[in-house]
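Structures follow.
Common to both upcoming complexes is chain A, partnered first by chain B, then by chain C.
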Partner chain A sequence: MPVKWVLHWQPNAGTSVNSQILTEVSQCAESINGVKGGRWKATLNFYRPMLKDQVNPAEFPRDFLGISLQEQPSKYYFVIRGQRIVLEADSNIQNIMEKLQSYKSRVALNFEGFQYQLGDFQLRVGKVVPLHSESLRGIVMEIDYLPISSWEKSHQIMSEFYDIWQEALQKRSLPGHFARMEPNFGDYGLGDQYTLPHTAVQYASIMLQMIATAQSVRN
Partner chain B sequence: MECVVQGIIETQHVEALEILLQGLCGVHRKSLKIHELCLKSGPNLGTSPSEVRLLCDLEHSEPAWTVRHVGGAMRGAGADQISVNVRTMVESKVSSNVLRLFYALGYKLDHEQLRVGFSFNFRRGAQMTVTVSSVNKMLRLHATDEAVPITPGIQLVEVTAPATTENYSEVAAAMSSFCEYLAPLLHLSKPGVSTGVVPTAAAAAASLMSDGGGTTL
Partner chain C sequence: MQQPQQQSPPAPATTEAPPKQVALAMDRLNHAGRLIADIRLGADRLLEAMFMAGESQQSNKPFKLIVQEEASMRQYLQDLRAVGKQLEDSGVLNESLRSRSNSWGLHMPLVCPDGAVVAYAWKRQLAGQAGASAVDRTRLALKAFTDQKKRFFPHLDDDNETGSPSKKHCDKQTSTGSEEEEPSELATVSDILLCLEKEVPDVKSFTYPRLKWLKRASLLPISSNEPFMDPSKEHSFHNSNKLGHTTINAEKISVIELLFPSIFRAVISLHPAGSVYPDSVAFFSPDEGGSYLHARGFSVHHVFRHITEHAAIALQYFTGISAETALHSLLLWICSYRTLFTKVCSKCGRLLSMDKQSALMLPPVQRPYRDFPVGKFSSSEQTSATNYHQIIDSIEAYHIGCFPEEI
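Then we have the complex of A and B:
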């Protein structure tokens, strides 16, 4: 499986994301000879515990996420970031969670957009929108380097591409930039060979950043 | 959803049962060694308590984990007329850190057991699985190498068949029909309805063992 970096749009202080930025980012991908391909989509669910009254919610994880990824629609990924847990399951684990009624999905987000091919790289640019809404909450990007599946070995070439991408984007003078988190995959029990659980962990990490950004904009 | 019946058989007759099943099913048996962990939600979690089972298949070099949720059996006049339990059942394969995940979510280990035996998976009017196993308890937490039978000399037989709301009647009928072939050796009934061992078991087993299943019971 090719290595993937997941990036999220970090707006400058005092600004927020909007659809014009999304358009500019997509155009930038095409301007560096990205060949537009098909659509892509991922879905993320925030789970909250169902608690009896007067129970201290701090006893239960606040960062329990479920993620479905386009690469493997028959699978579903749970992440509890605070405890560095990532679980791969068949997608009907969601049915089991519904039957247990101990946790419910409170917020669902779609990540959706278009793919672009650039030689050995594949880019995905996507808007972040709540389910059944068009209200833009963020922008994400995925960069795949198709020839390599080792996280370590791919680092240099991915960094070089990331620099080229940032440089191309800067020419458009947009109020922000794409940031990335590099989780410690070892803490999650994940190795050097890239897998879909690695992607799930990256999405969980950027969600933390996106929530923090949204809160600081509100404040 | 699944249809299910259960029964018990004395360990001394399991070999005869295996011969009978081999003849009836026409497939090879699969060995079975499953570590089953029953987890229950902690006291504050959920508006009502919930239970989930984690199954670790130890038969292969790499343990394979499954999460299973079993719902309550169908009730009412319709259910009373069927000789099998019809209940919701959802299973999902999961990666090996599933126990850690459920502990982190606030679930606690209620009990664990080790099932050792064999199963036959075949089609006879419906896709069915017959499992024959000893049910063992661990003397120390998770110590599957130190398991002892909960009921020495007695093994559990379970017949299950996947079903849907549209076809459960047909599946139940196929299952009942199949169970009649096992009647000389054991009686299968709805889980929770215990009927004990059958008096003809010894004679039936002797007959099976003497000619390897050639006798029609």
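Then we have the complex of A and C:
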């Protein structure tokens, strides 16, 4: 499948994210000849263990991420960053977890937005909203380059597109920028060919910053 | 029916359209024919009357007959003269008719081989009338087809004249020092591909008869949906084909596949099958698959569509230079695209650029094909793989808008 870079909005110190920035970002995508397409949506859950007193907390991972992606609605992806584990499960695992009650979802976020087609590039711009809420807590972006599925071979062209994108945004003088993390896929047992677990790992890498941004909005 | 002796003088040939003139002329000729027949009959009757008169001298009958006949004969002859004058005036009958039966640039009237008389021979063929023979129609069709072939495919020489190509291996140990003008003698597809694999080690090349390629194309891409791709599966398929480089019946080879893993896949078709003459080429993503993956197909990705268009021009150029070396040049030129996603444009220095015409962000999809350094590849020195890489990678790359006019 095509390679994807996941970016998140990093507001400048002392500022916060708002829907005006989202509008500007969407307009920027259209200004570089992006053609607006359909909606996209993803869901992210941040799990914490339900620990009983007798149990040794060190045995359980402190937290892990569960994410459902639009490309494959029948699957659910788990990432445990501490141990560099990524796992693909069936989507009904969420029901099982509800029943087992061993882990509970502490933070649930929805990513909702639109897709834009720029030739062989595909952009997704989405707002981060908590479940059952409308308030914007962040902005997330995905960039796909459709012709290539090798992470290594696509790196140069993706970097250049990222630079072009940043340049286009800077003209709008927004209080922040899109940041990204480059996780070491090898640590997670993932190869050079891009797959959905790669996406899950990228989301896990930006998780902490995203939650920090989301909380700063609330405050 | 027309009464030509009562008619006004015929319209001049210039004001009426040729078909009308032809129709008029046909009518008049037919009329003339009937008059001539009448005159013949009249002459017979006169002769008969004179014979009768010679036989019996009593009766007046022959005399009356003769007088009667004479009157009608005169009339017929007059009419014939009138028709003749009309035909002369309209240009059907004239001096030049003796040398060429051609009026208004048309061959008319034409007597077909089966004896029928028509205005235009082609009209019968078009109408598929029973009179036009199948041989005539076939001959016309073949002539039209050959003319078209000569016009649009000038490089396709007579297929029957290639003869059996002599098998010579890639020539690497020829005379020392001298730079050869022509590349080494690579007479068959196997020779060319073996040579190519020495020159460009990271390319994977395969040959197929046409139907086998279609089957493979429909199976591509292998394991695109599995999260962790198994490269060994692809290799085993490739290997079984690779062994077939020389074992596959060389006469059936009509498709060459060049694969640069994770970069692109190029499909080249040969015409006629078994020859070394490339016919068309197309580029695709290595992840694409389906029956549209063939040398005249187009990728779903813009970048490969643009390369395919550019490659068609390069192919025409290489073929125009020399049909024998076109394939080798083309394959090497295709290999220069291994830098597609890494080599910046030689003019603007960037990898991505917004193409104004298509409003798309594209990498440099064009590479020059004139003065392609094929000579460097056939040099007699023991050139290492890294040297070839350098040569291939040194070929410039350009965005569509950056491509220099003079190349």
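Convention: the second predicted complex is superposed on the first by the 204 of 219 C-alpha atoms of A that agree within 3 Å, B and C clash if a C-alpha of one lies under 4 Å from a C-alpha of the other, contacts with A are read in each partner's own complex, and residues count from 1 in each chain.
Simple rule for what comes next: contacts are C-beta pairs under 8 Å (C-beta built on N, C-alpha and C of every residue); 3 or more make two chains touch, one makes a residue touch a chain.
Predicted model, so just to flag it, every value in this text is computed and none were measured.
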item	value
Overlay on chain A: chain C relative to chain B, clash or fit	fit
First, second, both or neither for A:Pro49, with chain B first and chain C second	first
Degrees between the directions from chain A toward chain B and toward chain C, using C-alpha centres, nearest 10	90
Touched partner set for A:Gln170, first chain B, second chain C, both or neither	neither
Which superposed partner A:Thr23 touches (first chain B, second chain C, both, neither)	neither
Touched partner set for A:Leu146, first chain B, second chain C, both or neither	second
Touching partner for A:Asn12 - first (chain B), second (chain C), both, neither	neither
Which of chain B and chain C A:Ala89 touches, first, second, both or neither	first
Which superposed partner A:Asp120 touches (first chain B, second chain C, both, neither)	second
Partner chain in contact with A:Glu160 - chain B first, chain C second, else both or neither	second
Which superposed partner A:Leu100 touches (first chain B, second chain C, both, neither)	first
Chain B and chain C, minimum CA distance [Å, superposed model]	9
Footprint overlap on chain A, comparing chain B with chain C	88, 197
Chain B-touching residues of chain A, taken from the complex the two chains share	49-52, 55, 59-61, 64, 78, 80, 83, 85-93, 95-96, 99-103, 189, 197
Sites on chain B touched by chain A in the complex	41, 44-48, 50, 52, 67, 69, 71, 88, 90-95, 97-98, 100-101, 104-107
Chain C - residues contacting chain A, complex	224, 227-229, 262-263, 285-287, 299, 301-304, 341-342, 350-352, 354, 358-363
Of chain A, residues touching chain C in the complex	1-2, 32-33, 88, 118-121, 146-150, 152-154, 156-157, 160-161, 164, 191-193, 195-197
